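In what follows, chain A forms one complex with chain B and a second complex with chain C.
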Partner chain A sequence: MSWDILREGLRLGAKVSLAAIPYSLVYTQLRMFNFAFGEVITFAGYVLYVLTRAKHWPIWAALPVALLLSAALGALIERVAYRRLMETRDRHLLLVSSIGVSIVLQNLYQAVFGSRTMYLDRPETPWFAVACVLALEVTGLLVLLQRTSFGNRMAAIASNRELSQLLGINPTVVYASVFMIASALAVPAAFFEMSDNGIAPDMGFQIGMLAFAAAVLAGMHSILWTLAASFVLGVVVVVAQVGSFLNDRLIWVACVVFAILLAGLRRTLERRKRVSRGEDRGVWNPL
Partner chain B sequence: MESSLIIRLSLFGISCIGVTFILGCARRFPLGFAATLSAGAYTAACLRMFTGIPWPACILFACMSGALIGALPAVFDKALEGDEHVVFSWMVALGFAEAIGLMQITGGQHSLIGIPPLLEGTNAFAHAAWLVVTVFAVVVAFAYRFRRTNAYEEACLAGLNPTVLSMAGRSSYTTSLKIHVVGGTLGGLAGAFWGPVYGTLHPSLFGLPESVVFLLVCLIGGQGEPLGVIVGLAIVFLLPPLLHFDGSVGGFAALSRSMGVAPPDPDVVVSSLNQAFLGLLLVISVVWLQRGVMPFVQRAWISMRHRRQH
Partner chain C sequence: METALDQVNQSGITFKDGAGITHHYKLSIQYENSYGGPNNTLNAPDQMEKLIAAGVPAVLGEHFSGVTLALAPIANARHRVLLTPCSTNYKLRNAGPWVFRILPTDYDQSVQMARYGKNELKASRAAVLNIENAYGRDLAKTFVDTFTRDGGTIVYSHQFAEGQREFGGFVTQLLKSNAQFLFLVGHTQEMADLLRAKARIERSLGRPRLPVLGTDGMYDDSFLEQAGEAAEGIVLASAGFNPQSSDPVVRKFVSAFQTKFAKTPNLWSAGGYDAVHVLAEAIRHGGPKPEAIRESLFTVRGFAGATGTNTIDKTGGTEGKPVYVFVIRGGKFIQLG
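Now for the complex of A and B:
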């Protein structure tokens, strides 16, 4: 494998991990896969596109606005499509609702912007810029989760919601905040993806499926494992593309199938180990 | 009504009956149910094209391959402790189906073309439509009959409370497997008609969007309700044209211009709004109408009969 392929793989892995970490964050709180997150990435991308290309704002001014608008969209989705279902605790319903939201948003983008790919007038971002933003995001999240009272509240609700409520923690506020944080984190993912490949209504879906595969591969319980899985997946996808082992249509299907099968295998092995040791299921662990 | 719409509604109806069994009894969300259709469609078409087996035998084999794909998620269900990964096991099934559709023998990325028609002669398409409608009617009748059997009751119990079922000496895994096989068989049956009726098959015909439509029809109609499938089909397929989204094309064009982009083609806007409406229906049915519209329809029917009696 040449250095170029490895570098491209790591670059793709970094972009995938920028999208996969918010997936993982939402899952640790709600035990749900937020399929609509891909569309939040697309939303952030279109906000950046409209502000920089149509309104001629500088990118440093457009980024904070995109961050705020994406967080607001995340809060809106949580309020309309998820909050009522969180009380029923049926994760299947949450998942189906997120698919519904994803369909609505993707088609609205198509109705407004059309299905063509649009590009920013920017050179491709250097790989160290992606790496720096990723390092910043991971460090920030780890500090938030482990060193702040909000992180403690999140961990408390994730491990025992009823007991946390008795201690005065409001799960609704925590859930809404998690959705807002995760949605705001869509902006860096959108920025790097659209800088490289342009923006289309299905941009978030494409990168979102890879992110989902990485998050599943990592077991959805750890930010650092998600990071590692994203890099592995990035390299695998680039090698498959360069070697033409798989066509474009099959790559994401193969990634998702592989990740789910591996996750299933790992869960089965873990269960057998637990049963043989007579242990209970572990609780939430941010690392 | 056009023959092609009748055929499409009937094939979707047959599939949705399979979905509604899995959804209503086993309480599982078959998110990749189109995989069973894909398996059935390609099995029937390839057998007919490459071996010359008569259509009834091809349809039988298609049902078997649909049942096999339908059984996969039930097997995963046992391995994955029945949590949300079960939903994704349907996506694994969808991945397998996609792989089948992309193999060399099934035409790969290009369509599988030149599938022999189901019926020969003049007006064959209209006759095929009637045949498919008849099959759909038989499936609905079977569904009502099946709902009265002990197997159905057991399957519902397995979905609601597997512990009680195991206390009664029954295996919830076997029961769930049976209902998945029944659902998969119906998916394979619907798929078997696809190729000979339309003459061509492509992997994109049986993807996640189709599976979501099946789910939407069943959720709107009411989970586990065969009649709900018909009501759901009517809402999902016949309601969007009545809403006249073409009236809002101008508004969207103005919005596009205000964003600094060229407005998309009006047809693209209308079809996108139709799809967005279906997505919205999915959210509404999951969040606010978890029992579907069937309870309202039944209540309206009872009150109408009551009024007529007095």
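Now for the complex of A and C:
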């Protein structure tokens, strides 16, 4: 494997991780798969497109606006499609609701913008810019989660919601904030993906599938694991194009299957540990 | 198709039957969406049955060769004319007595490009990347056969999937392969993404642009828009339709199309236009029964259309329609030779 190929793989990995980290953030804090996140990425992309191409804004002015609008969309989705369901114990309902949001938004984009791919027509983004944004994002999130009172409140709710409520933490506010942060992070993901491949109604869905695979490969565990898994996945996809043994599509399927197996294995091991410590009475909970 | 329909129905179709009675007909088109994709043939047969149930004598379609090939057995079994305005796969030559084509098969495009690579680029080493479907596989195979028969070697060959967006690995390997040019077959979106990745990687490696030869899949304004600067200098072969042509039939079509839709027609619109006119011509000759249309189609000779002269041969295709070579310069298709 040569340096050129590795570099292409890392480049793809960086793009995937930008999409996978917000995914993972929502899962680790809220224990839900937010399938609609890909559509938030697409939304951020269309905002950037409209502002820079149709309104001729400079990109540095368009980016903050896109951040705000994406966060607003995240809050809106949370309010309309998730908040009522958060009360229930069954996380499957949230999963189904997020798939619904994803379908509605994808069709909406198609109706408004058409199915044709559109391009930003900017000079290409140097890959160290992607690396810088990624480093900034990861550091920012780690600080937020581990060093701030907001992070503590999130952790408290994730570990025991009822008890945290008794302590005066308002879970609704925390959940909405998590969605807004994750949705704002759709902007860098959208920006780098569309400066390579343009924007189409399914852009977010496509990169979201890879991001989902990466997040699952990381065992839906932590942000750093997700980062590592994204790079592994990126390199695997690119190397698979080089080798003649598998075509691109097969390797994706193989990755997803492999990842699910790996995640399942981790989960089983963790649960066996918990059962042996007497913390788990053996009721199977798939999510 | 609508443009041609308006023209045909302005005067209607007059047909004199065997008993000397003159009939007047007006054409109408019932549209059904086959949701066809290059590899998606699931819906089309049902839609065709629906049309047959509605009593149509002839079906104009499909766009994609794979779908037309899937519809051919139905046309043959149910005795309905299937006239495809756009499909170019050479297997359609032997798809049965009820299957007709407006455009020449893509076989000639690959042969033209293999020759162009050898004679104009003076190349002996070629790379091939094609989309993984009937269109891509067959064009690539013909190219490889012709190029190797003429003494060239294929140093790199790969397929990519429909809807694929990431091409970094393919392009990196391709640029290492020592090929003198790339023969690329696919649909606009994937090819545009591939070419953009290729331009980017070439820039980062400080390499000169590797020449690209292509086929009619690129002969579409949306390809120019999607690939942008990365499409500059590409040479491609396509069945002929040149909206700038001074040919009176083409001018009539282009101005009618522009009045109706306020945009310039492409090859596929021109194929649809010719299909409707050829069908009307056949009905004018033998009446509107399916069997009569089928027989009269074979008598269509030298009928001037937007894609050239339509003369239906024994295989149901149009005979002797030329394949043109274009180069992309300044974001436009410029005809060579």
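Quick note on the criterion: the second predicted complex is superposed on the first by the 257 of 287 C-alpha atoms of A that agree within 3 Å, B and C clash if a C-alpha of one lies under 4 Å from a C-alpha of the other, contacts with A are read in each partner's own complex, and residues count from 1 in each chain.
Convention: a contact is a pair of C-beta atoms (placed from the backbone, for glycine too) under 8 Å apart; a residue touches a chain by one contact, two chains touch by 3 or more.
No experiment lies behind these values; they were computed from the predicted model shown.
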Clash or fit, chain B versus chain C on superposed chain A: fit
Quick one: classify A:225 as touching chain B (first), chain C (second), both or neither. neither
Between chain B and chain C, pick out the one touching the greater number of residues of chain A. B
Degrees between the directions from chain A toward chain B and toward chain C, using C-alpha centres, nearest 10: 60
A:57 in the overlay: touching chain B, chain C, both, or neither? Say first, second, both or neither. neither
Just chain B (first), just chain C (second), both, or neither: which does A:150 touch? neither
Pick out the closest CA atoms of chain B and chain C after fitting on chain A and give their distance in Å. 5
Contacts of chain A common to chain B and chain C in the A-superposed view 247, 249
Using the touch definition from the top, list the residues of chain C that touch chain A in their complex. 132, 158-161, 163-170, 172-173, 176, 189, 192-193, 196-197, 200-201, 203, 205, 222, 226, 228
Within the complex, chain A is touched by chain B residues 28-29, 31, 76, 79-81, 83-85, 87-89, 91-92, 94-96, 98-99, 102, 109, 203, 209, 212, 215, 219, 252, 255-256, 259-265, 268-269, 272-273, 275-276, 278-283, 286-288, 290
With touch defined as at the start, can you tell me which chain A residues reach chain C in the complex? 2, 4-5, 8-9, 11-12, 116-117, 119, 121, 124, 196-198, 200, 206, 237-242, 244, 247-249
Touching chain B in the complex, chain A uses residues 31-33, 50, 53-55, 80-81, 84-85, 91-93, 95-97, 99-105, 107-108, 110-115, 118, 216, 247, 249-250, 253-254, 256-257, 260-261, 263-264, 267-268, 271
